[in-house]
Amino acid sequence: MKKYILLLLGSFLLASVAYAADSQIWGEMRVENILAYGKEGSLKLGSLFTMLQSNYFAKIFLAILVGVPSVFLLHYLVIGPKVFSHDGKKIYAFNIFHRIVHQIAAISFIVLVPTGFIMTFGSTFGGGEFVRMMKDLHGLATVTFAIVVIPMFLMWLKNMLPTFDDIKWMMIVGGYLSKVKRPVPAGKFNAGQKAWYWFATLGGMVMILTGAIMYFMDFNIPMINEVTGLSQIDLLRASAILHAVVGFVIVALFFTHIYMAVFAIKGAIHSIITGYKEEEEVKILHSSWYKKLKKEGKV
Amino acid sequence: MSVNEMARMKFYCDDDRCIDCNGCSVACAEAHELPTGITRRKVITLNEGIEGKEVSTSVACMHCTDAPCEQVCPVDCFYIREDGIVLHDKKTCIGCGYCLYACPFGAPQFPRDGAFGTKGAMDKCTMCAGGPEETNSIEERELYGQNRIAEGKVPMCAAMCSTKALLVGDAQEVSKIYRARIAAKGKGVQSAPYGWSKAYGA
Amino acid sequence: MANTWGYGAMTNSLGDIQNAKAIIIFGANPAVNHPVGFSHFLKAKERNNAQLIVVDPRYTKTAAKADIFAQIRPGTDIPFMYGMLHIIFKNGWEDKKFINDRVYGIEDVRKEAKKWTPQKVADVTGVSVEKLMQITRVYAKSTPGTLIWAMGLTQHTIGSSNTRMAPILQLCLGNMGVEGGGCNILRGHDNVQGATDMCCLSHTLPGYYGLSEGSWKYFAKSWGVDFKWLQGRFKSPKMMSTKGFTLAKWYSGVLAGRPGEDKIHNAGTNLKALFVMGNGITSIAQQAKVKEALDNLELIVLADPFVNEAAILTDKKDDVFILPAATQFETSGSVTATNRSAQWRYQVVEPLYESKPDQEIMFELAKKLGFYDELTKGMLIRENKKSFKWPEDATDEIARIIKTIGLTGWTSKRIKKHTDNWHMFDEVSLRGFGPMKGEYYGLPWPCWTETHSGSPILYNIHRPVKEGGMGFRNRFGLVHDGVDLLAGKNSAPVGSKVKGGYPEITAKNIEKVLGIKLTADEKRRIGKNWKVDTSGIIAQKCMEAGIAPYGNAKARAKVWTFPDQIPMHREPLHSPRPDLVKKYPTYKDKPNHYRVDTKFMSKQSEKDWSKEFPINLVTGRLVNMNGAGMENRASKYLAALSPEMFCDIHPGLAANYGIRNGDMMWIYSPEGTKIKVKARYSYSVSEDRVFLPFHFAGHFQGEDLSGRYPEGTKPYAVGESANTVTNYGYDIITQIPETKGGLCRIEKA
């Protein structure tokens, strides 16, 4: 862990050193950038970004911001939450390390998502000092998220690998479209949680990387340009596009995750706080895991 | 040309005349007391040292028609004057960099002020027209540099251009000079000056 | 130049270049060194379809605008021009009438040109036969053509031959004395022409009066001081007429007597003190020697607006004084432009802090030395005043005394009027309109009288003398080798009383030549000749008769007092072509050359330099700097354009030495010195040469001296001086250093 933090700090330091070198945007590269803009055979990322950013990105984010909660509200009203007994036995699901890592990520997300939205709709907030502060907060929260994203990735990786249950889970949408409590095919994590896991970790890393690229803007790490085959400015443009597109999915899933934890399954949120899940909840929603635990005599 | 274009301000750099002296760039930096690392105007040279192929031209913000920077700005800090000069409000700007990604000319720049490479508000050529603050106020000067347009003066770069390669002014006036130069050469039709179509459409 | 036709100055003007049909540039890079002046070149191209031909060792920014570019080996301009003449004579493209009437000694040139076949020229210069033919055809066929040069032509051991060769080419094509023609030397700094005219030189008096007793007496009289007193200031009467040291070799004056140093003839002593006013001596060749000389002086005084880097270069700790001098903006006075035009410069601000204008520093010095009254007396004479007004009275004093280059018309009042009304002049012809009608901007000299128009184009016989017309100056006698040196029939300026040539006007011949009778009073007042006639009678009478006071003679292609009567090619002292050194060796060593025994042959033949030092070394300027770069490097924004000293090197050459773009490299000179600079890949130099800008100082042979700047004075950019590695070598006549063609060896650092 310590090593990891050191590594992270080191890379930041490196980035600032690379900074001192000649500008990759306004130096000699500027000529090539200007010539390449909109040229036949080029990626045309500049005009693509302009088109997407000016016409679509904000609208899509707005749609997610309004649409996803609306769907869940409808779900809540029509189908309602799943309620499990909190008086029964509890199953120890998350150890202290899991919980700390998750909490740090959770707090980061709680900062990242709203600040991201505020930036996206910056004009609504009038720009200036407030939005700038939100931007800085967005950056800060990225750092805390960056610290836990790899431990989180590793600690749950084994449980997140796809299984046959996932297909079955998908077929019935996790049983959420029905009021009936029927055992749902899922291991410790169901297919929905897995999807969220993959997007939050790998997608999160993409977000961190693209965000960092945009944040540091004019750095000189030739390896990145070589690997991606992009000039610095195109790297920035690609980052901005990717950041938005991956952002759509993550934000949508983030909303889902909150809805599930807070509303859809009453009290589910306690499990990540105390580490214990209700036995009934596990029995129904993670039936395969329950069976396994039973076999092992752990219940 | 439509009536609207009567007083449309445009930049034009005659690459037959530009000699890469960087007078424009230094004059600009000096006039607006720019921090080092910010170059609002820059001379770019292609094929340097290659016989018969070397070309130089001076670039800055072109104050484009349908300016892409204005379109992508998430905080809408840009505003376009009636004469076509594209300006922005540094107090609104959050330094996100989107305008830079959208700009075909690499014009928007970001001073690296704070620690950890925090970027300040975007800075770019104002065509010497200042910003939204009170005209010729100290605040305007500090944030955007001189407001020469308000004083009826030509922007610094064009005023200082040693060979008068760089022209700025009303689109019609500029193209009149450009056409006169081409006519004097007597070599028939030449393509539009560099960057012209990208910035101002066909 | 002066030895060819009388005056050594730009013959036309920058604006007049717009009239040219062809422009050929040898060893000049106006796009970088004269960016504003270069707009006239561009306009000539634009409006006149002028063909721009650039002959240079580098593909410069000027070359980037050229129609034809020839990459010449440094120091081979003479073969190149002979090659052109070879083709011109062969095809009969020369202007026969012009040569016949107005040029002497072209036969010898013709003979020499015959030897320089295009093939031979190609071998020596490195320019292909086809390109030479193409350039010659274009240039000879597109008249009028103007010929431009600057330091690239002059800074060679054969610089003075180069500067005679170019005029010969122009004379053969009849390009002299016409609009759009001429030999246009671009002076490198503000007011260099003025400084030269006013004798910031060691071999003449102001206005190019010689050092003879007669000249001194004229000045003693004009300054109102006793000749004997003046003579007494010198160690001996002989020293009064002895040329001084030059800027290029002053260090020998200090170092002489040490092993390996050149001997001097300085009345038995070495130089002990140095007083520098506004000269970046870090921009002169042989920097290591300059440093050694500085270290061994007893006293160094440096008067500059910025810290003169001589103070940084020297290890000397005591008796180094840095005086804050005022800039041009803190003082006023007349300045002379490259085209001999005067302008008035008004003071913008009072001198800042403790700085003082140059003249005040000099007045204070004169007071301490006890000759302040004699120094300033000349300013009082014109109006018999009690006290003088600076700088107006100084300017008027110049106008009163300097007849040789015709400064009589340059009164402070007239110069100011021109500057104040500069918008009333045409930029091409310099003609005034409105209230300024009948005068040319800045009254380009010779401006013979206080009502004369000025002479924008020298040697132009298509205008009356009153309006700036004149023939070539009668300066070299009347006859040589039995040939009449005066101009031929019908080659006098328009409206001249005499139709052909005539001698320079003296009190003796004025009545005969002009066909007039002087009154007794005039006879009493008239000076001995036009150069010393302060009465103004000669000039006045000449104007009335349409006669140029200096005569109307032939230009001479042959200078019989020079070691090479006609320009001859001689390889640089350090040449990459040992085979050609054998064929075209340099001069014999020259004793007592501006007081220094200067090496030529002994240096060139010391060894085959090219073996150890295979790469040609060229130095030059950057657009954002001038001279030693003191003031430019102290400007944040200018320094940012070239923050580090660098070396332009062809990627192909660099690859041979394993030097990558941006790597540090060593450059070694035959003098045993070295510098460490950053390599910058550039295709502007070919694979056999490197280019160094010479504006840097603060580092010396790999050592960073920048800690020596007084607090707060360190410039934004410091670096090695290119002149630490420029080679030994000085011109045979002028002693200008050979910085535009030496050798070096490179190494990855």
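Chains: A, B and C, in written order; residue numbering restarts at 1 for each.
Going forward, contacts are C-beta pairs under 8 Å (C-beta built on N, C-alpha and C of every residue); 3 or more make two chains touch, one makes a residue touch a chain.
Here the structure is a predicted model, which means the values were calculated and not measured.
Trainee: Chains as vertices, touching pairs as edges: which of line, ring, star, complete or other describes this one?
Mentor: Topology of the interface graph: linear, an open chain of contacts.
Trainee: Between B-C and A-B, which chain pair shares more contacting C-beta pairs?
Mentor: A-B
Trainee: Between subunit A and subunit C, what distance separates the C-alpha centroids? Give it in angstrom.
Mentor: From the centre of subunit A to the centre of subunit C is 72 Å.
Trainee: For subunit A and subunit B, let me know how many angstrom lie between their CA-based centres, rounded off.
Mentor: It comes to 40 Å between the two C-alpha centres.
Trainee: At which residue positions does subunit B touch at least two other chains?
Mentor: Subunit B, residues with two or more chain partners: not present.
Trainee: Which bits of subunit A are touching subunit B when the two form their complex?
Mentor: For subunit A paired with subunit B, touching residues are 12, 15-16, 19, 23, 25-26, 30-31, 33-35, 37-38, 46-47, 49-50, 53-54, 58, 119-123, 125-129, 131-132, 135-136, 214-218, 233, 236-237, 240.
Trainee: List the residues on subunit B that touch subunit A in their complex, please.
Mentor: Against subunit A, the touching part of subunit B is residues 37, 39, 42, 44-46, 59, 68, 71-77, 89, 91-98, 100-106, 109-110, 112, 116-119, 195, 198.
Trainee: What part of subunit B is in contact with subunit C in the complex they form?
Mentor: Interface residues on subunit B, with respect to subunit C: 16-17, 19-23, 25-26, 29-30, 36, 48-52, 54-56, 162-164, 181, 184-186.
Trainee: Which stretch or stretches of subunit C touch subunit B in the complex?
Mentor: Of all residues in subunit C, those touching subunit B are 31-32, 35-36, 38-39, 42, 45-47, 49, 59, 61-65, 69, 623-624, 636-638, 640-641, 682-685.
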